[in-house]
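Look for subunit A in each of the two complexes below; its partner is subunit B in the first and subunit C in the second.
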Partner chain A sequence: MQAGTRLVVNKQVFLDNLSLCMQKMTVIGPQKLRGGEVTFGPLRSLRRLTLDYVNDLDPLKRFFLPQREVLFAYDLSGKKPRLLQPEQEKPRLLFGIRSCDVQGLAHMDGFFQGACYDELYWARRRNTLIISMACNRPNESCFCICCNGGPWLESGFDLQLTDLGEEFLIDIGSRAGRVFLEERPMPAVTASRRHETRRRELMEACDAQMVPTAYLAKACIQITNNRVREELWEEMGSECFSCGGCTHVCPCCTCFDVVDCPEGAKSGTRVRCWDSCQYSGFTREASGHNPRARAKERVKRRFYHKLSYAYIQQDGHPGCVGCGRCITVCEAFGLLDISAVVKRLRRDGQ
Partner chain B sequence: MENIYLPDLAVIDRIVDETHDIKTFTLRFASRELRKNFRFKSGQFVEASIFGAGEAPFGFASNPNHPEHFDITVRAAGVVTRAMHALKPGDYMGIRGPLGNHFPLEEVKGQDILIIAGGIGLPPLKSLIDPMLDCRGDFGQFIILYGARTPADRVYKPLLQEWSERGDITLLQTVDTPDAAWSGPVGVVTTLFEKIKLAVDRTVAFTCGPPVMIRFVIQELLAMGFAEERIISTLERYMKCGVGKCGHCAIGHKYICVDGPVFSWRQIKRLPER
Partner chain C sequence: MLLEVEKGVVLAAAPQRDHPVSRGTLCIKGWNGHQLIHHPERLTQPLLRINDCLKPVSWNKALSYAAQRITELQQAHGRDCVGVVGSLKTVNEASYLLGKLARTVLHTPHLDAPLRFDHAPSLRVLREQSGFANAAAALADIEKAGAILVIGADAKAQNARAGSLLLQAAKRGVPVIQVDPREQEHSRFFRLHLRPRPGTDLALINALSHILLAEGWQAEGLAGLAKLRDDGLERFTPAYAESVSGIAQDDLRSAAGLIAKASSLLILFGTGITQQANGTANVRALWNLALLTGSIGREGGGLLPLLTANNSQGAVDTGLMSEWGPGQRDLQETAVRRAIEAAWGASLPAEKGLTLQEMIDHAGGRIRALYVVGENLAWSAPESAKTSAALDKLDFLLVQDLFLTETAARADLVLPAASFAEQEGSYTSLERRLQRVRRAIAPLRGCKPDLEIIQLLAGALAAPWPLRKAEEVFLEMQQLMPCYGGISWQTIGHPGGVLWPAHTDDEECTLYRKLLGDRQGAFTEVSTGLPFGDEPDADYPFTLITGRPLFHRRTGTLVTRSFTLDKEDPVATIEINTDDARALKLRSGWPVIVKSRRGEVRRTVVVTRAVPPGTLYLPIHHKDGLSQSLMPSMLEPESAIPQMKLCAAKLEMV
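After this line comes the complex of A and B, so read on.
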């Protein structure tokens, strides 16, 4: 079995094997809450697992860059401060993550490596097997086809499953994915032309159901060349509630704050927690000076980071995977999510 | 792989009161190994921690030719800096660094040097001036302009006195509001420009200070005919991680903490927000 090979495995057989994994590692997968909402979390059995879902509104980046994370603990009880590093977590398997979130991870991988290598992020990343699930059906807010974010991918996963009904078609994306299959005696056949055709039909049907559009190209040019009227930024700034929702749910947004959390006078932790460039305090200095005191400047900043050529060149892609979460959470309903902004920029066209 | 957010411990050797709200801390690493191997360059900075209060960035304020000790000069302005001001010699701080890029020191040898500092902008420039004066002969004319709000708000007063007594450098100082004892110039730092003579084509200007000062200084330098790459400034932003990850200090796609804090005007003018 090579990376790139496609296999077909009976769905129940695959799920039974997944269930066996739950004893040895933390298996995270989609589960239905009482209200019918689907969220990803640790699974102890197959009972709560659901395959009837589109995606979790809470982005899956949280399993790698948690909303709140201890960087280290300090102990000041001795003569000299003692610093304690966080413990390594158990191996994990992330089952059912959607293509857009896998692309989000690829974005974060690029960001957290390099000269300032973020070991805390990478320890979780190395520790986690990614079994993604290609999308057969989008949400009304999905637009991954505009951002190379899905509905299915060529790489970025260890294994990628396509739900063919009775069977999973499996793409092997890495050595770890291949080893996972080899270590489990699952009767598998190489995907036939019939399977491939079925998958193509499913994917094409999914493509056709995408409603929102985000023609990023023109907005990229306008933002890169600073050819957006200041009045339009001004208008968008006046509509923004600066709630930070768009950045928190974005699989490509990585900004964080660092704060100390004392537990009494002698000990505590330093933690990082998600922050947002949309908050006015994000750039406020101790002197009171604030280069982005106004919502207009912050909205402009957000889209500069998402769509400017300078960032696209640095990251290799725009800062959007088309998951549509900002469409769902934006308080300025329908006005400031990326799809809406791209459309407004284009229509304003300069 | 190491945790890039984990500081090393350093001990405070000395604390000097500079003004009513500014202190200079002389630090050395607790680990002998680190003390032996630690090096930094002019213009770089550290993230200094007070455990329980937090962490904040400070430029090196001492001579990189003597890296066994280093200084940071701190104004009590926020939670972390106020906690620092409560420390005593012998107390510990957490230090991460050196971080960021540095002033071009080797590259400007042979040139005339013009330093323009405002208030607490002098400390990072001191880390450049000190090693330059160690090899004073490698540079031409050497001028330092320093502006502060009041005479009492000036940092490093004994050192300023020492510089003013040196025959081989020119130090001019000005204040916004004089006191009874002040006999020097009054006005913003740019008013000192008319008192000096420069050959702009062989001078490199270094500036650090409040953002509004930097803006006017650069305007004046450009008006005098300085080439864009001969104007070197530091940029300042609210900063958290110091390693290009937290996003706070980004200007355009540049991160002040890793791509800066030192930039030429040629680089600064290309940034989408300034």
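After this line comes the complex of A and C, so read on.
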């Protein structure tokens, strides 16, 4: 099999193989909660797996950068101080991850390499096989087509599946993906013209469901050239509830805080947890001075990071994959999510 | 809210898109509050005071000691020497059993909930007028309101959901009239902001009603208008209101005009108007105003008090307020007492119980022992120094909490409780939404859920109570609570649960429509108002008001244990008007001592135009716990709420 060649595998056969993987690996996939909402979590059997889902509101970056994780524990009670590292995790398979989250991982990869190389992130990254599901069911807030975040991707996954009903059409994105297919008893055939046509139809149907609301280009130019009126930032800052939701759910946001949690004088843990540039404690200096004491400055900062040319040049793309999550979680509903803000910036510039 | 758990550890909180209220949002406390669950300071063993030191003991020892001390004291001083303080945070089932324990096993009438300190007047007036001690509106009404009056509340800071819906309404062009001396972050988006002198809300509200009536702008078909006019409203002319509150007559007229033009009026209010000498009179005046506009029982109208804790309403419903039993039923009514006594198979104490502040005031006298569940009284009650001294006077203080709060540190015995993530049960939100909370993890080793502790304590006190699960207790309490009738344990397990009463109608906000129908309820008396008892003078020239910032909740026991939230608020501040600061030669960032007639605190100055001249604004700060030490504890006569919203104060240089 060659990377780049699309294959077709019977859906049930593929899922049966996935089920077999659950014995050796942690298989994480979409499952229905009480009440019908879908969230990703470890699966012990196929019983709870669902293939009919809009994306999880809780971003899948959490499987690589958890909201809270223990970096190490220490124990000073013995003769020698002891440092306890977290256990090595079992190999993992992330099944059904949507394209925007895959693209988000690509963004995070960029951040966590080089000067900010992060062992724990990369241990999880290397440990996890990504089998993504091209998006045939966008949410009403999705706009990945505006941000090159989906609904189908060319890279970033190990395997990308397209649900054709009875079969999965598979794009192979990496050597690990190819090996996964080869090592399992899955009769695969090369995709025929019929399969390819169906794929195109699905893509077009998905595109048609998405209303392009994110006018990023104009907003990028205005932010880069500092052409947004201060009053507008002021207004947006007043609207913000500083809940931090927008950054927590964003697949492109990587900020965290590290705190020590002593348990008595002799032992404790060092913990890392998500932080948010929308919190005032995020930038407060030890002196008490805070360069971004007001919500106005924090909202401005968030969009500067997401849309200014300085960052686009550094990261290769804007800090948004169009997953639409910030639209849902924003307490200032409809006012401060990225699609609302780029619209406001564009109108303000006219 | 969903919690993510790995190997018995809560890692994260996640919002729930299909929840009808949150719709996928969480406030800053929702996102970060879970950090307290595994906080190293969590209590994991009962602590008993031995030689003036709290020492770990076993649960058996702790419970039998508690039972023994309570029994001894009751034998020596009578059964009503024990007081019980309920929690606004624990599950309904635990609250219900706590009430039952107090009233039957301990057989004391002295039971109250800290709701007394926030919304006793709101509940009292609403129950008097409608028969129900709860909001006469739901959150969804904010989306349907024709006009909204927000008074004595900062919705954005106190209830992000309400704040969010309010902002959306304002942005849609719905006229929002805000009444608050202080400018808030969202004030700029509201149509009108009236800034009365602190404590003068009564004149302002009544003047709005006066104008409606004088202009003939009231709703049609209302009875009792002449009486309302002649018995009180008449004297609340715009001119009088201006002289009292400082609000220009034209502004009052514009506000009344906006209200008159709207299809319905929704009133959101908070402790700014309840913790005053006129607390009850203020809520009465709001009721009259809502009624005049025909908004009671109408979609998009009514009264919505912003209760402060997750289960404030549940505490009222399950019978933790001193005057009402389960189902908010009046314990002074013979038929009610009989029914409850028959169901519980025990007699109820006959006399009226003391309210919360009264229990504190009688500590060491009539009250010899206090059992406090999940409330840091030392910080939440006014005149902190007096409260702490009162707690020290008790012969036996039993505290049940997650952490060694300032109250627990004074206790003779502390019982370690489980957090919200470690217990099963139900909560009732401020809009009467009954929902289940599910256990995400087992109770931390050594801790027990409140429900279990209360049952074990009853057992230790020789009551034959079997250890029951939340669901069984729910079924029992439903029998005594008509308001929760017809609601199944399964239904409240769905996202969003149900809004009671579910047996009347499934639709939201129907409570008042069904109950009052066309009648709309009756007007209530118009009070002239009392002077506020702590007037400024030459020595204490400022009026100090308090408020709660965004990342706070009650006394901060929980939020200070979340490192993210704790980081948000490192400095205790006091806000002063720019002109006053200039006169006193004060600058932002300078330390000052704030003094009232009862105490003093050290604060950092913030100079701002957000507070009017002559006023100081003290954000309740949860780290030094001293904010309440300045505030007076005298009671508002009708609802026994301490008048702790404002006081006279002065500033001194450090």
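Here, the second predicted complex is superposed on the first by the 344 of 350 C-alpha atoms of A that agree within 3 Å, B and C clash if a C-alpha of one lies under 4 Å from a C-alpha of the other, contacts with A are read in each partner's own complex, and residues count from 1 in each chain.
The rule is short, and it goes like this: a residue touches a chain if its C-beta (ideal position, glycine included) is under 8 Å from a C-beta of that chain, and two chains touch if they have at least 3 such contacts.
Quick caveat, the model's predicted, so the values are computed rather than measured.
Superposition of the two complexes onto subunit A shows subunit B and subunit C fitting side by side, with no clash.
Seen from the Cα centre of subunit A, subunit B and subunit C lie 80° apart once the structures are superposed, a value rounded to the nearest 10.
Contacts of A:Cys330 after superposition: subunit C is touched, whereas subunit B is not reached.
In the superposition on chain A, A:Asp275 makes contact with both subunit B and subunit C. Of the two partner chains, subunit B is the only one that A:Glu297 touches; subunit C does not reach it. By the touch criterion defined above, A:Val259 lies against subunit B and subunit C together after alignment on the C-alpha atoms of chain A. Contacts of A:Trp122 after superposition: subunit B is touched, whereas subunit C is not reached. By the touch criterion stated above, A:Leu83 is placed in contact with subunit B alone, subunit C being left untouched. By the touch criterion stated above, A:Ala208 is placed in contact with neither subunit B nor subunit C. For the pair subunit B and subunit C, the model built by superposing on chain A gives 10 Å as the shortest CA-CA distance. Common to the subunit B and subunit C interfaces on subunit A are residues 257, 259, 262, 268, 275, 284. Contact residues of subunit A toward subunit B in the complex are 71-72, 74, 76, 80-81, 83, 85, 111-112, 115-120, 122, 226, 254-260, 262, 265, 268, 270, 272, 275, 277, 282-287, 289, 291-292, 297, 301, 304-305, 308, 310-311, 314. Every residue of subunit C that touches subunit A in the complex is listed here, in rising order: 2, 4, 11-18, 23-28, 30-32, 35, 39-40, 156, 160, 163-164, 167-168, 171, 185-186, 188-189, 493-495, 550, 563-564, 567-568, 570-571. Within the complex formed with subunit A, the subunit B residues making contact are 1-7, 9, 30, 49, 51-56, 77-78, 81, 92, 94, 210-211, 236-238, 240-241, 243-248, 250-253, 258, 272-273.
Against subunit C, the residues of subunit A that register as touching in their complex are 33-37, 39, 57-58, 62, 66-69, 235, 238-239, 241-245, 248-249, 257, 259, 261-264, 268, 273, 275, 279-281, 284, 288, 295, 328-335.
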